[in-house]
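In structure tokens below, several structures.
In what comes next, subunit A is part of two complexes: it sits with subunit B in the first one and with subunit C in the second one.
This part shows the complex of A and B:
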């Protein structure tokens, strides 16, 4: 069976390599894409959209549909993760720590529960005291990562980056918080309800901008039609529309990344993680 | 223009890919995937596709590694085959 698998893999790989011989060389100026499509984009994007980063202009404006459904796919991935893994049954064993003394209490009866407060704290089963070095370094680092993520989203029109990358970086900063402290610390600050609402809001912002353009009399996702809403800077309306769309993508991706991480690492129980 | 870099990075990419499917420790596989993504990111950057390189670095090398490590943490660390 293993041998058969190897043969199939080699055969498929060989066919794919054979197929690539028909593709034009990398950076070939005579290839079909470079002779018809790229010329148009390179010559017209800056005057049509005022966006210096051609990749962002193509992704968020010329192929706005593509990016919109990409965001919808990311949203669906988060939804699927939630539906498959989320487990609402309460865990049987509960652990509490008496904060002043550090004594751990183990409750085996699921009905008895304590109200976590200043005296007692709900704890993980294999909880170890958090390392002060890791905690301090992450506490200093996380705000800078988040600022950088916001910069990547906001500066997507001018430099590499955009909503997707910025959202992923922002999401990883939250995941870093969950890893360096514990999962509860994250979920106390960023609740599940907040994350789900943000994931849906991101997609809604994208689609909403498209529908708004329709209401203003244009076609779906035609940002140029939004110009009357921004009377002080109508020349950059397409760039501003792209920025709005990127913000939507960033919000959706950020929350979906955290939702997926939280559900995988705690097996859907949202109690303890890495 | 940059063919020595291309060649070195491509060799490492192939080594990482082969190592990722032969290593039996799944945590090691996750890290090897991360290294693979970083090398691919370098390749994209050499080819001038900076946006793709950025995505590869943040998604491939960053978040997906965390997801894989989380999945290994909740399942088993050794493969059966």
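This part shows the complex of A and C:
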């Protein structure tokens, strides 16, 4: 079986390498991309889309399909991580800590459990005393990181940034919370259900905008057709459509990042980890 | 006026360069893990401050509201690095102590 896998991987890699032989050379001035496409983008993007950032315009508008399936790939990565790693069996050992004295209890019987309250708290196997410096600084920093992430998403069509970057920054702020406190603190605030719903919602927003354009009488992902929905600013409808798409991408990327982190770090158990 | 701004910003940049070089040399020359974190944490933080201060002064060639906002944003970078960098150094040292790494002493070398 392993040998078969190796053969398939080598064949696929060989085919991909064979396919690259037909690509134009690096920076070839005579290649089709450099002769027609780039010039067209540079000359027409601002008047066609009213978006000053050419990269975002190309990614979210001219190549909307490509970015949509990229988002779907990100979603599939989160889904695959969940399906491969998630483990619903209860953990064998449980650890509790008596808060006033610091005594540790170790339950080996999986059926006995204790309701943590004021006196006892859940404890990870590799628990370390919480560090007040790290906790405080992370508590100060996390809101700013999240605001910055929203800024990056919202300014995708004016300056470098966009949904993928903003989503990653937002996800990393949640991961920072899991690292500085512990995994339970994160999962108490951001539950698994919430994350899965958001991952799907992000892709749905993207596809939904495309379908909405179809319903309004245009082609799939043709944001120009959405103009009647925003009567106060129809000139910037393409920029607004891109913003909506970027918000979808950001939500999907953020939740998939956290899903992957939580599943890997706790080996699918969602109880304890880094 | 322009000459003064240029001199100020270049001297700030040079100062930052000295700090960064000191940090790099320190990381190479210090004897062990903990003492290497000292130049890595301190001199990088100070180097970023002077570098960004130099760039902010250079911005004042064309004074306008946008430039002032940009300068504030640049100083925000410095503010967050000042918060985050010492904390990161602290947590790395903490992890080293927990993992049982002994600090380097001169006695050890003589034995």
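In this text, the second predicted complex is superposed on the first by the 242 of 274 C-alpha atoms of A that agree within 3 Å, B and C clash if a C-alpha of one lies under 4 Å from a C-alpha of the other, contacts with A are read in each partner's own complex, and residues count from 1 in each chain.
We adopt the following convention: a contact is a pair of C-beta atoms (placed from the backbone, for glycine too) under 8 Å apart; a residue touches a chain by one contact, two chains touch by 3 or more.
Just so you know, these numbers come straight off a predicted model, no measurement behind them.
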item: Simultaneous placement of subunit C and subunit B on subunit A, clash or fit; value: fit
item: Partner chain in contact with A:88 - subunit B first, subunit C second, else both or neither; value: neither
item: Touching partner for A:267 - first (subunit B), second (subunit C), both, neither; value: first
item: Most subunit A residues touched (candidates subunit B, subunit C); value: B
item: Subunit B versus subunit C as contact partner of A:131, first or second or both or neither; value: second
item: Touching partner for A:18 - first (subunit B), second (subunit C), both, neither; value: neither
item: Which superposed partner A:3 touches (first subunit B, second subunit C, both, neither); value: neither
item: Touched partner set for A:168, first subunit B, second subunit C, both or neither; value: first
item: First (subunit B), second (subunit C), both or neither touched by A:232; value: neither
item: Overlay on chain A, subunit C to subunit B nearest C-alpha distance, Å; value: 14
item: Common interface residues of subunit A - those touching subunit B in one complex and subunit C in the other; value: none
item: Subunit C residues within the subunit A interface of the complex; value: 80, 83-84, 87, 90-91, 94, 98
item: Contact set on subunit A toward subunit B in their complex; value: 26, 53, 55-56, 152, 160-162, 164-165, 168-169, 171-172, 175, 179, 257, 260-261, 264-265, 267, 273-274
item: Interfacial residue positions of subunit B with respect to subunit A in the complex; value: 47, 50-51, 53-55, 58-59, 62-63, 66-67, 69-71, 73-74
item: Of all residues in subunit A, those that touch subunit C in their complex; value: 128, 131, 133-134, 137-138, 140-141, 144
